[in-house]
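Structure below; questions to follow.
Each chain gets a letter, A, B, C and D, in the order it is written, and its residues are counted from 1.
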Amino acid sequence: MDAKELIARRVAREIRTGMLVNLGIGLPSLVANYVPATLGVFFQAENGVIGLGMRPPEGMEDPHLTDAGGGFVSAVPGAASIDSAMSFGLIRGGHLDMTVLGGLQVDEAGHLANWKVPGKMVPGMGGAMDLVTGAARVIVAMQHAARGQSKIVPRCSLPLTARRRVDLVVTDLAVIEPGEGGLVLRERAPGVTVDDIRAATEAALVVPDAVPEMELA
Amino acid sequence: MDAKELIARRVAREIRTGMLVNLGIGLPSLVANYVPATLGVFFQAENGVIGLGMRPPEGMEDPHLTDAGGGFVSAVPGAASIDSAMSFGLIRGGHLDMTVLGGLQVDEAGHLANWKVPGKMVPGMGGAMDLVTGAARVIVAMQHAARGQSKIVPRCSLPLTARRRVDLVVTDLAVIEPGEGGLVLRERAPGVTVDDIRAATEAALVVPDAVPEMELA
Amino acid sequence: MKGVLRPEAAAELIPDGASLMIGGFMAVGTPERMIDALVARAPRGLTIIANDTAMPGKGIGKLVSAGLVARVVTSHIGLNPETQAKMIAGEIAVELVPQGTLVERIRAGGMGLGGVLTPTGLSTEVEEGKQVVEVDGKPFLLEKPLTADFALLAAWQADYVGNLSYLLTAHNFNPVMALAGRTVIAEPEAIVPVGVIAPDAVKTPGVLVDHLLIRAGC
Amino acid sequence: MKGVLRPEAAAELIPDGASLMIGGFMAVGTPERMIDALVARAPRGLTIIANDTAMPGKGIGKLVSAGLVARVVTSHIGLNPETQAKMIAGEIAVELVPQGTLVERIRAGGMGLGGVLTPTGLSTEVEEGKQVVEVDGKPFLLEKPLTADFALLAAWQADYVGNLSYLLTAHNFNPVMALAGRTVIAEPEAIVPVGVIAPDAVKTPGVLVDHLLIRAGC
């Protein structure tokens, strides 16, 4: 299992029956593959559909039905179209039960940076700032490190996405829960030790007595 | 012709091709009777319909299609349903070309009072404050006097509806245009003299050399 | 959507002192079966947030007549002499709000906005006690967001995930209140199988609705 | 509604330096025939207000590639490397706005509100230079309304009074921009006789629309 699949499978276990969930582009979008249809989860894409379904078979794509990355999708039974004002009303108003986003850095205060690398990459924040500010639960799904550098840092050096503390960080090495007292190490990836995680993490971690291995969907 | 019909017929002449017009309950609603269908005017009711039509024949009323007073109406071809947020977005945003409202008092500054008689009658402002604030053109349609008292006064003694100066006042005696320099007497009702109007008006009037007789629709 | 309830069971969810947003405009687009069940159960001291208090014997008017209402936030009480009489007698507190401001305050509450900046009400009694905010030299009233314990909605069609559609002037405050009630109960005129309401015809997504009233007569 | 125009005639209405709101999300729900006509006419120094700048060869991306754009107000330019390159070269000024804030600023502009009070952007770069307003002890950013000289919309069906309906994710910014452009030009995929779009299916009332693009191929 590669790192992305591992992360997606672990995030999928956070999703409960009947939730409204927004999955970011890229890694987070893989989470949908591991959520059982029986849960009756509705996926929202911020461009305006509640009840996002799989990519349709070739030849049955519709240019009026896409996800936030512009990719073709389908609509599940019970889907609803909404405009951007309603879409972000749902997000900002706390009606979105969960958002899963990628990250560039998360720091000891639980702050996320994921929209800009000054002087290098300025894609714009898109919906990320509203999602982190408004969603009932914010999960960051990302690799633990990039180019040998820990992405879990004492303090974000990149511009923040929001003042709101994220609720959970899921990486290929660990599950970390930011809280008042700092970053609590909740789970290890299969075969990974607490020491491995400490060594790969620039930020200070609060390590409880028991740090069980992740369970995957 | 009674006073109300006279006022309604004169107001109707203010309406131009293709306008979006809101008519208040009571006297203002009579204006619709004198607007030719050929003008392609859309009447809006603030409870949520653009393209309000006549009351339907008995037995064909629909409880889901009413005007702002709760009376049964029909929808003309090309009608649109809107919710209250959109309805007042149109009003406040200046998309409504004209509103015709009743009045209790209009004063020399062109301010309207029409929603409250303290200690006597407190119906609430309903949509009136938004209509006077936002409509592109505000016309007050009212009797010149009530119980022998002029309703055109130096300064409103009743609570104001808005800070915005109304554009035109049409009564059973006169057409008056409030402006920077005060209340300008623009027209006389048929058979009424300037002196009659002066005598019936508590407020100071600016009287041009020529004050023609009203033309009626 | 949690499921389908009988009106009596829905009314039992609502305790004394609850705040209720109720859809409707002069009782058009108001959940009448829900209101009848509320009158039967008779919780006391309710706060009602709604466009108007209808008229005696209709919609919100029934709650007023039954003496269940302690406070109303509304734009118009002119067609309900009982509300006016109870206000004058000090039995009901009435906050009068311009209609366009009322719907935006509810929208702000439901959509996580801090308030509404509107020109409506400036230089009138409505301005009293409120903050005026200047934006590029122009003044606006800061009007605060509204939320409620419950939103009681009337709809045309619903499906079993809770999606709602509305008819003509029965939309009014319903689609906006759907976001601003902590618990949302919808009374549709018909309930149809999932998939029957086209996505583009859904005006309130089912994810906002907690309970549907069961079909009349079931 | 004033009438029906060919795309070339509609493009002629738009002068150098005009500000344009353009519907669409990654070019889904963007008026492509209108944009092609604009590229042909080539007005200079345009300001574009839109969710994103699409990608080269699609939607707003064509205007960027043609060098017609001086300024964009948008939430995302990540999929259009040309916008990024021109921004870095100083050829295009880019104001980045969180997506939910952008749509509310447009809505406020179209609906006569003084601005938007949002928690989004607090304690980030977005806060810089902006007023923070406290409401009941909670801070919110005051974000200003947006309007434009023109709104260029894509719709599904239109009728000849200008009523518009939209399909699925091609709604996005179109219904909100319909209120915020001083002149509104809509490009429908089909035009149907008046009365064919049911009142409840109309998402943009025709009174907001100035011009419709004539059917493709006419």
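Just so it is clear, a residue touches a chain if its C-beta (ideal position, glycine included) is under 8 Å from a C-beta of that chain, and two chains touch if they have at least 3 such contacts.
Since the model is a prediction, treat every value here as computed from it, not as a measurement.
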Set of chains adjacent to chain B and to chain D: C
Inter-centroid spacing, chain D versus chain A (mean Cα positions, whole Å): 29
Centroid spacing, where centroids are CA-atom means, of chain A and chain C in whole angstrom: 35
Intercentroid distance (Cα basis), chain D paired with chain C, Å: 32
Two or more partner chains touched - positions in chain C: 104, 107, 112-113, 118-119, 166-168, 199-200
Sites on chain B at which at least two other chains make contact: 49, 75, 81-82, 88-89, 92, 133-134
Pairwise chain contacts, counting only pairs that touch as defined: A-C, A-D, B-C, B-D, C-D
Chain A - residues contacting chain D, complex: 45-49, 62-66, 68-70, 75, 81-85, 87-89, 91-92, 116, 122-130, 133-134, 159-163
In the complex, chain A residues that touch chain C: 18, 20, 42, 49-51, 75, 77-82, 88-90, 92-95, 133-134
Complex interface listing, chain C residues touching chain B: 25-29, 51-52, 74-79, 84, 87, 94, 96, 98-101, 103-104, 107, 118-126, 156, 166-176, 203
Sites on chain D touched by chain C in the complex: 104, 108, 112-119, 133, 135-136, 138, 140, 142, 144-145, 165-168, 199-201
List of chain D residues in touch with chain B within their complex: 1, 107, 110-113, 159-161, 163, 179, 194-195, 199-200, 202, 205-208
